[in-house]
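Next up: the structures, one after another.
In the two assemblies presented below, chain A is common to both, partnered first by chain B and then by chain C.
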Partner chain A sequence: MITRDEFDTIARNGIWKQNTSIAQILGLCPLLAVTTNAVNGIMLSLATILVMALSNVAVASLRNFIPHEIRIPVFILIVAALVTVVDLLFNANLHELYLVLGIFIPLIVTNCIVLARVEAFAAKNPPLQSTLDGVFMGVGMLWTLALLGALRELLGNGTILGGIDMVFPALQPIHVLPESYPGFLLGLLPPGAFILLGCLIAWKNWMDARAAERARLKPPAPVASAGCH
Partner chain B sequence: MMFAPAPFLLKDTSVSQVMTQVCLALVPGIAAYAWLVGPAILIQLVVASFAALVAEAALLKLRGKPLAMFLSDGSAVVTAWLIALTFPPLAPWWLVATATVFAIVVAKHLYGGLGQNPFNPAMVAFAVCIVSFPALMAQWPSVGLQLPLVEQLNVIFGLSPRVDALSGATPLDAMKTALKLADGEIDVAHLLANQDLYGNFAGRGWEWVAAGYLLGGLWMWQRGIITWHVPVAFVASLVAISGALWLYQPAHFASPLFHLLSGGAMLGAFFIATDPVSGCTTPRGKLIFGAGAGLLAYVIRVFGGYPDGVAFAVLLMNLCAPLIDYLCQPAIFGMKDKA
Partner chain C sequence: MSTVREFTAPGMAARTAAILFVFVIVFTGLLSGAYQWTKPAIEASAAEEKMKLIDEVLPRSEYDNALLRDTVALPPVPELGLADPSTAYIARRAGQPVAAVFEAVATDGYAGKIRLIVAVRADGRVAGVRVTQHKETPGLGDYVEVKKDKNKARPWIAQFAGLSLADVPAREWKVRKDGGRIDYYAGATVTPRAVTKAVLKAAQWFEASRNTLFAQGDAR
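Showing the complex of A and B:
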């Protein structure tokens, strides 16, 4: 069904190499609007993972029956149907969070990540691979949004996991910084999200450049360095 | 750092010479300020300069640039001084330090360092802080109430609690709020009669700080550090719009003189909008830049929600500066029309 290599490639692409938020820079609208804390980012990502996995498997299964010329409308109809399901699920079970995330759950339909993966991957690959691709792309989005949300709320409020009580009523947000912390409001405003996202992208590029440099130096290292110095 | 010693320059002018003279030109304004509110402003200048130099050194080291050359050019100190002068003098030290570090790190070095920043770093820091800490940025010391040095140090460094009674709005903000609250029942002349808050032309005491900036600005123009275009256009457009509304309804709009000598108008016209990096460089472009900044400053300070509009006006015009310069290229020497 799927080889180890294939699995590794799909996982690595989703989580790091083609990370939706810091490599493909897709879906910036929900990213900016929702990540005012880690919990919102995580919950929106979970909804997106669900939609992506389901729409990828649906499209991959039907890919041989969808006429090429009208594939985009068909994809959108499939995605929209699934988003409606997720939207109703959130409304019924996590109503408070649903009110916070608001329009951004229905808007998953228009999130470029979903359509991009359906068009670029699911329409050309078998169902199992496509499901995994949807899940791992979503996981990539999940950790990025969680990190960005955590940084923003730490900067803006001095808390971690603010709003956790909307998901698990027993838990309370953790105050990392003292109560007297005045709160750097910029972190919670869209410009703060842009600046922090820029820093995350720079961090990824820096990590990649460092890895590339290491890979370049590694194989001939003993001989070449002896000659150079 | 030297500009190319080409024939079109009368003399070699290094960045550090220019920046030193800009700092010197700020001295009359600072002196009036210190006379008005006491040594607090001097403490803020020191805090901001220290933060700016530390941030500048750290970023230069990180970017692998020569430290001594860029640190001594004085541009970081000018940014720091502008921040200290635009913030409330009794603001907590960390607010001024955070603003300065933000200006140097994000607004200057992330864009490529000296000469590369599209926005005036000091104004970016001001905008960030007034959006992030509106309450602290509104605490201006009440005029006529000068705390002794020790008390001012205690307030700035958080050793004694911040007392609301010590602070009030700026004269500009007080005027706007009073007019808005009275809803047409009270007129400007009546408000200006309050001699606790207002002096002969504008805010009591503050008008002399503005006059100090004007003096320094004229000296910079006389020394050839700035050209006349931006300040003249800024002042002219501010006078034009405030004068028009004042003539139309003198009871509801303050006079042009009040607006010129209030808030950051003079500092903005001579020291902020004239920034050679983030502003326009062509003569006609400078006129448009200054006029736009003056107009926007008035609109934002009178009709907007913020105490003063100069910072946002300059930032908005910074955005337009490349386009303005593109459209205002002068004719190439020897050519009849622009090529």
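Showing the complex of A and C:
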């Protein structure tokens, strides 16, 4: 079904190497709109994981029936239909969860990352691998958006986990900075998101450059090390 | 070379079109099936929430009738942004009308329609307003919804409670940026502006149709 190596590659690509937000730089519209706090970012990512896994498995299963010339309209049809069905089913059967996650599901349709993974991965790979790809791309998005959201709300409001009370009414946001912190609005506005995203991308590139430098300087390891990229 | 015929351009085009057609049929079927199947449950939970909302816009202590059964069926009301028929609920105390609760829609939000529930007292004062449905940007424009408003002690939407056209002229029913008296948070003006406009229109519509509204209700 799937080899250990394949799994590792898919996981590493999704979480770090081809991270949707800081390597592929895709889906910036929902990213900017939603990451005003970490909880929103995590919620959007959870909804995206679900939709990406479903759309990837659907396209991967049907990939042999889809002519190359009309693949894009068919992909859009599949993704849009699935998102709508997920939205309806959530609303009808898991209403409490829908109230928390629901507003993010339609937002996902605007996220080009779903179509990008369908086109780049699911159209060429078997269902199991494609599902994993969808999940790990979503996980990569999850930590990036959570980090970006946390930085933005810390800068903008001085809190961590603002909005947690919407998911778990018993919990309250934690004020890290004193209550008197006036708030730095830039953090909450789209330009602040762009600046912080730029910092994250720079950090990733720096990490990658450092890893590459080390790999170059180090004598070739006796066992082929998969960890250095 | 009997397979040559299969690969003629018109043949390929027809085959591709047929495949696309089949996909469209299947997924449209899936969509309409899911819609039909979930419709009753979605409508039921939406109605249940509306009942909870009425309590937020109009305190139960102000009326003593069975509000939910004292209804007026409204035709589509363009002034309220309502393209479909809706229902107004009449609150009465000892048989006398004290307020009306009805829906309104702000059609010029940042992302689609913002649905509101508005309660106006018989004297024209707004009793309360709540947003019932919206697609405004999470974390930015969504503070019009009380649950998302960071100011729990005095949520943004509470500003409308007590306003009346008799005390506050229509030109002041605007956000401060437009020269009115309604506060808003920096970063998102379109959303509060749309809501403010819709509340003003609701108050004006109530002024104009108060008598017909209260005459129609079923005073049981």
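The working rule: the second predicted complex is superposed on the first by the 198 of 229 C-alpha atoms of A that agree within 3 Å, B and C clash if a C-alpha of one lies under 4 Å from a C-alpha of the other, contacts with A are read in each partner's own complex, and residues count from 1 in each chain.
What we mean here is this: a residue touches a chain if its C-beta (ideal position, glycine included) is under 8 Å from a C-beta of that chain, and two chains touch if they have at least 3 such contacts.
Just so it is clear, the model here is predicted, and its values are computed rather than measured.
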So in the superposed three-chain picture, is A:214 touching just chain B, just chain C, both, or none of them (first/second/both/neither)? neither
Is A:88 touching anything from chain B or chain C once the two structures are fitted on A? First, second, both or neither. second
After the superposition on A, what does A:78 contact: first (chain B), second (chain C), both or neither? second
First (chain B), second (chain C), both or neither: which does A:189 touch? both
Would you mind checking which one, chain B or chain C, touches more residues on chain A? C
Just checking: does A:124 make contact with chain B only, chain C only, both, or neither of them? Give me first, second, both or neither. neither
What is the shared patch of chain A, the residues that chain B and chain C both contact? 185, 189
Under the touch definition given earlier, write down the residues of chain C that touch chain A in their complex. 15-16, 19-20, 23-24, 27-28, 30-31, 34-35, 37-38, 41-42, 45, 135, 137-140, 142, 147-148, 150, 186-187
Seen from chain A, its contact residues with chain C in the complex are 33-37, 40, 65-67, 69-70, 73-74, 77-78, 81, 84-85, 88-89, 91-93, 95, 103-104, 106-107, 162-163, 166, 185, 188-189
Once bound in the complex, which stretches of chain B touch chain A? 98, 106, 110, 128, 131-133, 136
Provide the residue numbers of chain A that touch chain B in the complex, in ascending order. 182-186, 189, 195, 198
